[in-house]
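What follows is a pair of complexes built around chain A, which joins chain B in one and chain C in the other.
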Partner chain A sequence: MSTLSLARTDEGLSKAARYAILTGVLALAMAMSLMLGYRQYTPLDVWNAFTAFDGSETAVVIVNLRLPRAIIAPLTGASLGIAGVVIQTLARNRIASPDTLGLNAGASLTVVVASFVFGISSLAGLSSAAALGALLTSLIVFGIATSAGGLSPLRIVLVGVTIAGLGHAIVEVILTSNEAELEQLLFWLSGSFMDRPISLALNGLPFVLTGAAIAVALARALDALHADDSTAASLGVPIVLVRGASFVAISILTGTAVAMAGPVSFVGLVVPHAARKIVGLRHTHQIAAAALVGAIYTTLADVLARFVIYPTEAPVGALTAVGGGVVLLALLRRRAA
Partner chain B sequence: MTDNRITVDALTLGYGKQTVLNALSLPIARGKVTVLAGPNGCGKSTLLRAIRRLHRPASGRILLEEIDIAKLGHKDMARQIGLLTQSPSAPEDMTVEELVRLGRYPHQTLLQPWSAEDGRAIDKAMAGTGVAHLRERALGSLSGGQLQRVWIAMVLAQESDIICLDEPVNHLDMAHQIDCLNLVSQLNAEFGRTVVLVLHDLNLAARHADRLVFIKDGRVEAAGTPETLMHEDMIRNVFGVHSKVITDPVHGRPMCIPIGTAPWRKMVPVSDT
Partner chain C sequence: MTRARTAPVLIPALLAAATLLALAGVAFGSTWIPIENVAMVLVGLGDATQSLIVLQLRLPRVVIAILAGGAVALAGYLLQRVTRNELASPSVLGVVDGAALGVVIFLAAFSNESNALILPIAFQPLAAAIGALAAIALVFVLAGQQAASAIRLLLFGIAVAAVAKALTTVLMLIGPIYRTNQAARWIAGAVNEISWSEIVIVAAALVPLVILTVAAARKLPPADLDEISARSVGLDLPVFRILIFILAALLTAAGVAFAGGIGFVGLMAPHLARLALGRGVYTGLIGSFVLGAMMLVGADLIVRVAFAPVEVPAGTVTAIIGAPYFLFLLMRKQRNDG
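== the complex of A and B ==
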């Protein structure tokens, strides 16, 4: 049984076909995001809203409300998916993610501090704060996990979960002492794509692309880091440099995702597993597939969030957390961590 | 150009305050199989790793041809020396091909991530180690012997002219030990690769070494052909073992039959009869 389930074969679909299917599913999910929700629209409504905007309520909802989230959701998912791939390889632990390593919590904390303590409200300011928070947290977590000799895949997650708990606690203290603005930030902190201006996506895009480009440039070195450090070093990988650059990529990707949507839980944990199942372990493919799968995951979660407690909307972060929690437990049961 | 592919020159190296290699000097001949042997903790693995620059020397230097390895780039170094460490690890769901491909890392660049040459090299490495039929298998589904051959294939795919293997047959059964070391001998004979092995089985070492190096307490105790080195006094001195050395009736190499630990080790409460 274990032999069978471990034996991954390339039988069946070619990689190109797999990417084509993922792209098709993503397009479908984005179309659903435009059509479905509190009110349902036909494909024709959507088509008309874009080609012949008439100022009607339908057109306004589609273009001003639905479109931003149909773009921000997949962008956030792609960003977290890629970050998850890089983190899991770096930590050599398949349950490492922006959540379990505390990067989401760190990014949330710096955003809350920037907002309440320094009065920053611009998106660029908050995005920078989130990326900085993610970077600092990753340095702290990897630093502590490696301080006693080599990097321990177990210790890194224990440290990460602890730091995440600390971060959340501090965020809550700050929030309870600033009740006036609590509601707005509370919604942000649970992760959502609702009521976000499209400028958020446009401003976030270059950051996501930069993070993704760094990850792709590191792909072959990350492949070698599948092996232990000694082997990777003897293959000629400049390990310290690759780790450093990976931290930067992870921080940009996680920070931008947090800035766009708040901490959308567990996306970075789940998506890499699906990506590896679909295209294997080589990072060029893992990264590309994780971007697509991540985009599909968050977009579908965002659509579903509109219906689970209809007519009210559920925070999408709660949905991805449920999905992620189930997958995490399944992985732990299978000892994959 | 000298006949020495590698020159270790007065190398001192340690972990923390503990000195592992103590002003060790050793020339390693081009195109020969050199086997490092010695008791546990003598520094043989550390020396191998130091040659691949995985440890920073406290003093002394290591030369490849005439060039100090401290001056070589990461990939340049990896194109010259392939090293298989004692217990390498990789994810269980990685396929054989994915692992063997890693050997091509030092030959690739950002702008040329994959070439036909890379494909040819990994095919050849997998064929040479007899793992071509396992190409799509997950590492976790392989037996110990298969897995070891896959790791060796990865090092071969690197196509370095120096190959260092640390205890490559440690966990293998007899048949796989023979296959593995024959493969190494063949690589050396056919392609003139310089091979450096760490082996703790003295008889395997004697059979496969052109040149045997005994290491004790971080120094080279003796170096030479197995015939000149393998005698009873030397083995007692290096390993603390009382033995009889005979000539292997099949290969004509010296062969050591251990009798007991030397009396001064006081590990067995028997009188020396």
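== the complex of A and C ==
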């Protein structure tokens, strides 16, 4: 399987060409995100809005409403994509992801607790709360797995999904008892890039970059860890340190994504598979490609979300949940895990 | 065997406890109505205000909690028996979310611009049934040979449930939907604001289903055998299994059609019944129904007392209690993960 996918990437386009294509597609997706929606704008409208902002409705919509989501969507997708790669290697489990291991739900829970119970509203505060929630959840899930004497990959996912369900139930109790509007609640619980201020992206960026930097720094160690612990140890990889750092990276990336957009489901599950298909198994490449593929995926999903129930907007997380659920079914059928 | 012998004592005790809980469910609320007054109202001797509260507000939610909790628990019992999988339940196999999707599609398709339903509400359980059947069929068709593995079957169920849930969310945002304000029911399961006419529909659907369940129960012990030995006692196992799946899906649909997705009752009630009453089929069925009913009545009581005046969905309480229990089961023994 592994040699097969390595071989597949060696034929045809060079890696540089693949990255160039991915970057091009991402640029195109972001342009679509600026142009398409409730109202359609031409590339010229977009150009004018940025170069000669005239306060017209068109310019305001493009700069104040469309631009933030054209930036937050890819940023969220990239973080979740990288988190997915790291967590799948760490758990040696092709159906692991921030969602299937409950990290998204844990981060959502701490965000809701932080904002409704402790009244925290600063973005840095919420991002930290989300990262903390993701970290605690990952420790709980892996802790349960270890204390049960090592759970099979499938069973870990069941543990993660159950913890996620528990987190959602508690979030629901907090939100309904604070009388949040149902639609608001639905939207937040499903994840969305709508009506997010650009400051969210600016505040999230350093967190995402930190998480990505840790992941990249770990790439060589993850290559070794991917095989098994004894191989990694014989190659001189400090396993405990790498695991710990990986948890931190995953938590920062997942937490920031949740703080920016709410739980956008199954991105971290789907993206690593696509990334491996495109650039093979080396982690440096997996991480880079997952960032690009994740960014493209969420940006396109966000554009699609504006049209599936036009003129109403669908929460983008619901679309990625449908896509991810179908991919999960396909992976299970192929016995990928 | 000792447990089976204690069943004749335990079942009446369980029924008495359930009755007490139901009475408490009627007595507690924003205004406390003493149990003796509740009894007076029930025999037709209460004063007008208390009669109104008891008969129109409190009793309907207790009755629907009994019916819905009991129906989902029966479905869970059947699924656990026939898949020989103690982790199986209507919610993890996607049946609950499938039923919810059916209901929301029905409401979205048959509501007019002024949010009124253009079809009789009695069709709602039918929509739930179609959704539930579609979900369980999808899970088993997709799982194919892998359905033999307890854990794999559950993962297929969870994936199907995730897709159904996401579609439900999208549909609920489209509107106009008949009574969108009650949509929380199909997300989390709640028994408030249920009317007697809805209860009559659920009861009418449940009566034939429960009779069928009892009729099928006779054949459940041979169903524990393998295919060939089952055939030797005159049971076509594949066909019987499919019939039981259909029955379980319909019971779930009747339970959640109006009460919404109540989590983990279908998992826990059959386990508790087995712990308390042993492995007998009939005691298992009775125990599951009564314990399922008690769990939902109790959960509704908790949300009413703890969160008043806000209506927190009762399903969140069953989920918060049920999820750790499911984790416990997952950790306890792993085998057959294939």
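The criterion applied here is as follows: the second predicted complex is superposed on the first by the 314 of 337 C-alpha atoms of A that agree within 3 Å, B and C clash if a C-alpha of one lies under 4 Å from a C-alpha of the other, contacts with A are read in each partner's own complex, and residues count from 1 in each chain.
Criterion: contacts are C-beta pairs under 8 Å (C-beta built on N, C-alpha and C of every residue); 3 or more make two chains touch, one makes a residue touch a chain.
Quick caveat, the model's predicted, so the values are computed rather than measured.
Peer 1: Between chain B (first) and chain C (second), which does A:144 come into contact with in this model arrangement: first, second, both, or neither?
Peer 2: A:144: touches chain C, not chain B.
Peer 1: In the superposed arrangement, which partner chain does A:107 touch: chain B (first), chain C (second), both, or neither?
Peer 2: The answer is neither, since A:107 touches no partner chain.
Peer 1: Contact-wise, after the overlay, does A:29 reach chain B, chain C, both or neither (first, second, both, neither)?
Peer 2: In the superposition, A:29 touches no partner, neither chain B nor chain C.
Peer 1: Have a look at where A:217 lands relative to chain B and chain C in the superposition and call it first, second, both or neither.
Peer 2: First partner only, chain B.
Peer 1: Does the superposition put A:265 against chain B (first), chain C (second), both, or neither?
Peer 2: Second partner only.
Peer 1: Just to be sure I read the superposition right, which of the two partners does A:78 touch: chain B = first, chain C = second, or both, or neither?
Peer 2: In the superposed model, A:78 contacts neither chain B nor chain C.
Peer 1: Taking the superposition on A as described, I'd like to know which of chain B and chain C A:231 touches: first, second, both or neither.
Peer 2: first
Peer 1: Which one hits more chain A residues, chain B or chain C?
Peer 2: Of chain B and chain C, C contacts more residues of chain A.
Peer 1: Between chain B and chain C, whom does A:279 touch in the aligned arrangement: first, second, both, or neither?
Peer 2: In the superposition, A:279 touches no partner, neither chain B nor chain C.
Peer 1: Which residues of chain B touch chain A in their complex?
Peer 2: By the definition above, chain B touches chain A via 49, 52, 54, 74-79, 81-85, 88-95, 98-99, 101-103, 105-106, 108, 110, 113, 136-138, 140-141, 158.
Peer 1: Which stretch or stretches of chain A touch chain C in the complex?
Peer 2: Contacts found on chain A: 95, 144, 147-148, 151-152, 154-155, 157-159, 161-163, 165-166, 168-170, 172-173, 176-177, 179, 182-183, 186-187, 189-190, 265-266, 308-309, 312-315, 317-319, 321-322, 324-326, 328-329, 332-333, 335.
Peer 1: For a test of understanding, state which residues of chain A touch chain B in their complex under the given definition.
Peer 2: 2-3, 6-10, 217, 219-221, 223-224, 226-228, 230-231, 233-238, 276, 280-282, 284
Peer 1: Any idea which chain C residues touch chain A in the complex?
Peer 2: Listed in rising order, the residues of chain C that touch chain A are 87, 142-144, 146, 151-152, 154-156, 158-160, 162-163, 165-167, 169-170, 172-175, 180-181, 183-184, 187-188, 263, 307, 310-313, 315-316, 319-320, 323-324, 326-327, 330-331, 334, 337.
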